[in-house]
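Below are two complexes that have chain A in common, paired first with chain B and then with chain C.
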Partner chain A sequence: MKTKRLVFYAALLAFTVLAPYLLPDFKTQLATLWLMIIVAITWDMTGGQMGYNSLGNIFFYGTGMYVAAVVTIAIPFDVGDYTNAFSDRIYEFTDTQYFVGTLVGTLAAGVFCALSALVIGYITFGLRGPYFAIGTLGVAIAAGELVSNWEWVGGGQGISLPVFPYDLELGKQFFYFLFAGTGVAAFAFAKWLYSTRFGAAINAIRDDEEKAEAMGIHTMRYKLTAWSLSAFFVGIAGGISAFQLIHFEPLETAYQTINLGIFMVVCVLLGGKGTLWGPVVGAIVFHLFKEVTWNYFLGWQWVALGTLIVVTVVYFRDGIMGWLMHTRPEWFGIRIESKQGEAPS
Partner chain B sequence: MTHIIEVEGVSKAYGGVIANSNITMGVEAGGITGLIGPNGSGKTTLFNSIVGYHPIDSGSIRFDGREISRNSVQDIARMGLIRTFQQTRIYGKMNCVQNMLISLPHRKMSFLDSFSRNSSEDYEKADRLLEFVGLYEKRFLTGGSLSFGQQKLLEFAMALMNEPTALLLDEPTAGINPTLINGLIDRLKRANHEFGITLFVIEHNMRVIMNLASKIYCLAHGELLAEGRPDEIQKDQRVIDAYLGVH
Partner chain C sequence: MDQFLANFSLLLEFPVVNLKIIIDGVMIGALFALSAYGLALVWGVMNVKNLAQGDFVIAGGYVAWALSKQGIHPLLGVPAAFVVLWIVGWIIYKLIITRVIERDLFTSLLATFGIAIIIAQVLNLLFGSDTQSIALKYKTLYFMDGFIDIPIAKLLGVLMASALAAGVVLFMKFSRMGQAIRATAQDARAARVLGINTEKVYAFTFSLNAAICGAAGAIVVMVWVIQPFYGITHSIRSFVIVTAAGLGNLPGVIAAGLGIGALEQYGAHIFGIGYQQAVAVLLLLLVLLIRLMQQKRVRKSLQ
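Entry: the complex of A and B
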């Protein structure tokens, strides 16, 4: 059993590494798929495992983009001058500035988002159920509006970053591996986290928060930590996206509440809330579905997407992994041993 | 005789309804104290006041000498004062062992401890306590699939897992098969005796509470009606009247 699992993970890892060479035309597609996997896994940390359905995780994606960009620019230049420059001034980044910026900016994005999750969480975790969802959505929308009026970071125009300094195909590979590395790290981290007492505690908060409080579990501390950890990975993903997209603006790209902000939730619902593999499977199926409909049913793609959401929510609530767990519990090592007709004495 | 829980002049009203009026009582450390009274006499309200579910209007509640009437539920739980619920509350989607492991006393853990896995001792302890309440055979069933009575036993085991100093039990025998009640009385006594946990028990079943408690308080209409040893309470005319509805 153990070796089987090891082989399975090794094969997956090998495929992850070889994918951009096996499917050279789909490098950017695969990178986007990894982005979906990252945001789905991290959404499930609070949404599925802790029962706090955030519609505002996109805030961390957008904020990650801005933090990464601002840090990268601020190292060699003045940010206000850079973002408000017209064709009269040209800013050139050296290769070192580009790569140091990518590394430092992306990490700074992760750290900044983790910290901001603590602050926002402290305010919003008093809200429960749908109120938390709407409250966090409000934070994301407000942030988009605020940033689009903030001239120092380019306002509604957004920010342009330097292009990858080498060959374009190599750049695509570079971003694929950045996303894939973050995705693998997020998955491994989630897998470990759910096996600890921390994982059990956030599950307890999901199942009955009042009971968890009555048992003396530090609910607020766990909620803040869980969201902060998930925000860290989303911030990094946002940072990488900023460099991959080269140019981004606040409302449609960074704080894109109606696109990626909703897609991440749909991925998790489709794959199975509160399961380790659900977000991954959901993200893959969703991304395939989305790309197929966007390519072959253009004009009807939103209708198809809406239908998928309705069908999932109404008929398939446990998602793909939840359904598998019900029908094939032995695959997941779920044991139900009970002697028939025996009453507790 | 020291009191670990001291309630002094506690009043609590919900709008115009006075649920508790000027109640004073003490729970003896290391003993079993009973709380009885007809439906709606304010027993659960008093429990909720003690564990911090709602602020009290006036009076003082002390646990282990510390004033706790302004503390939150979690603070009080982390001091080692744990309660069970009248309508049982367990984590329905998890199996019994997981329910037990979550109930490990987080107050005794550092923040970093929570990022470690459960040790084999934790599993042994969970198994031992499930065995103690008679749910060992059902340990891999989800909490939600157990009967109401079994859920009560699981909740009791979870409370023991938390290693409380004092345990407030809200109707531990309600919904339990009458043939199993004797076994439960025995377990409550053993929990008190072997684990040294102070018990404060709300109970409607007179046979149970008379067997269990060494001191009983009786509430009626939100007021403290009588207190004393079980035999005194049984003979108290005011208590008998309250139960027969004279009041």
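Entry: the complex of A and C
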């Protein structure tokens, strides 16, 4: 069993590394798929495992983009001048500046988002149930609106970043591996986290917060830690996206509340909430669904998406992994023991 | 920043500007209160938080707009939108909402969010993404040397909104169905035991909510503008109002609705029109924060 599992993970890892060479035309698509996987896994950390359904995780994605861009620009130039420059001034980045900016900016984005999750969480985690969802959604929308009025970071125009300095195809590969690396790290981290005491504690918060608190769990500390860990990965993903997209603007790209902000939730629900593999499977299925509808039903894609949300939530609530667990429990090592003389249920 | 301060000092120097802002805000706020009342109704009776509230409003607006394009008088659009949205609400209830009533709150939130996306997009495909409004050919009244202008169309809108609200309140108080709805809101199981068909009550409540929103939207299109994707802001406003006022508190809903209308106008005046959406959302966060602090106080006294 153990070797079987090792082989399975090794094969997946090998496919991850080889994918851009096997499917050279789909490098950007695969990179986006990894982005979906990252945001889905991190959403499930609080949403599925801890029972706090945030609709505002997109805040960390957008903030990550802006932090990464501002840090990269601020190393060699003045940010205010850069964002308000017209064609009369041209800013050139050297290769070192670009790669140092990518590394430092992305890490700074992760750290900043983790810290901001502590601050926002301290305020919003007092809200329960739907109030938490609406409150966090409000934070994300408000942040987008405020940033789009903030001239220092380019206002509604957004920010343009330098283009990848080498060959275009190499650039696509570069971003694929950045996303894939972050994704694998996020998955491995989540897998480890759920096996620790910490994982058990946040599951206890999900099941009954009052009882968990009565058992001596500092629920606020656990909630803040979990959210800030997930914000760290989302911030990094946002930072990488900023460099991959080259140009981004606040409302439609960075704080895209009704696009990625909802997609991540749908991915998790589709795959199965509160399971390790659910977000991954859900992200893959959702991304395929999205690309097919966006390509073949253009104009109706949002209707199809809304229908998918409604159908998933209302009729398919356990998600793909939950459904598999019901129909094929032996795949998950769950054995249903039947008493003698009784039919197995 | 200087601009904000200049706008602010203008308010202090010319008090009459305040009056104008408040009157504008209250006239819009009456419509917010109407859709918020519908939200509170559904929330209180069947514990469903309807995020498609604003999209019902916008859909009602488009019904009235489409009819006025056919040469039908816009005032007739209000009952037409009421009827059309009633049917839409009933269909949505039978297909989706009936299956999420008994489930956790996040489910209904997400399901109605999905409905909101579908409605907004269908409206976009049918009518295009331009902002639309109906211009009524009525005069404008001027007061205080022309500082304050009240278009009769807006006044008419407020009157219709009040009439609709009064009608709904009387219906809830005196009709058999209204009593059944209130009984179900108090205790659904007891109501079932006493022979009330709660499923029918739920269907009726949800359709009534959609119809109220639709009528409100038909008024919105006369006094303001609509666009397929403006729904979410209307929904957020409804949430702000209901969260601030609490469930089953009709005077509170009306007061909060008018207050939010006025506050939004103030925000737009001081910070500029670009911040209007942000002001609505920040008000929501503010209300949630105040509620949170109130709850903290209760918790402390229990310890």
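Rule of thumb we're sticking to: the second predicted complex is superposed on the first by the 334 of 345 C-alpha atoms of A that agree within 3 Å, B and C clash if a C-alpha of one lies under 4 Å from a C-alpha of the other, contacts with A are read in each partner's own complex, and residues count from 1 in each chain.
Going forward, a contact is a pair of C-beta atoms (placed from the backbone, for glycine too) under 8 Å apart; a residue touches a chain by one contact, two chains touch by 3 or more.
Predicted model, so just to flag it, every value in this text is computed and none were measured.
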item	value
Touching partner for A:T307 - first (chain B), second (chain C), both, neither	second
Partner chain(s) touched by A:L288 [first = chain B, second = chain C, both, neither]	neither
Which superposed partner A:A200 touches (first chain B, second chain C, both, neither)	first
Which of chain B and chain C A:H218 touches, first, second, both or neither	first
Contacts of A:L170 with chain B and chain C, given as first, second, both or neither	neither
First, second, both or neither for A:A14, with chain B first and chain C second	neither
Set intersection of chain A contacts, chain C complex versus chain B complex	none
Chain A contact footprint on chain C (complex, rising order)	49, 96, 99-100, 103-107, 109-111, 113-118, 120-122, 124-125, 232, 236, 239, 243, 272, 274-275, 277-278, 281-282, 284-285, 288-289, 291-292, 295-296
Chain B-touching residues of chain A, taken from the complex the two chains share	193, 195-198, 200-201, 203-204, 207-208, 210-219, 221-222, 334-339, 342-345
Touching residues on chain A, where the partner in the complex is chain C	53, 123-124, 126-127, 129-131, 133-135, 138-139, 141-142, 145-146, 148-149, 258, 262, 265, 269, 299-300, 302-303, 305-310, 313-315, 317
Chain A contact footprint on chain B (complex, rising order)	51, 72-74, 77-78, 82-83, 85, 89-94, 98, 101-107, 109, 111, 113-118, 133-135, 137-141, 150, 153, 158, 162, 177, 180, 183
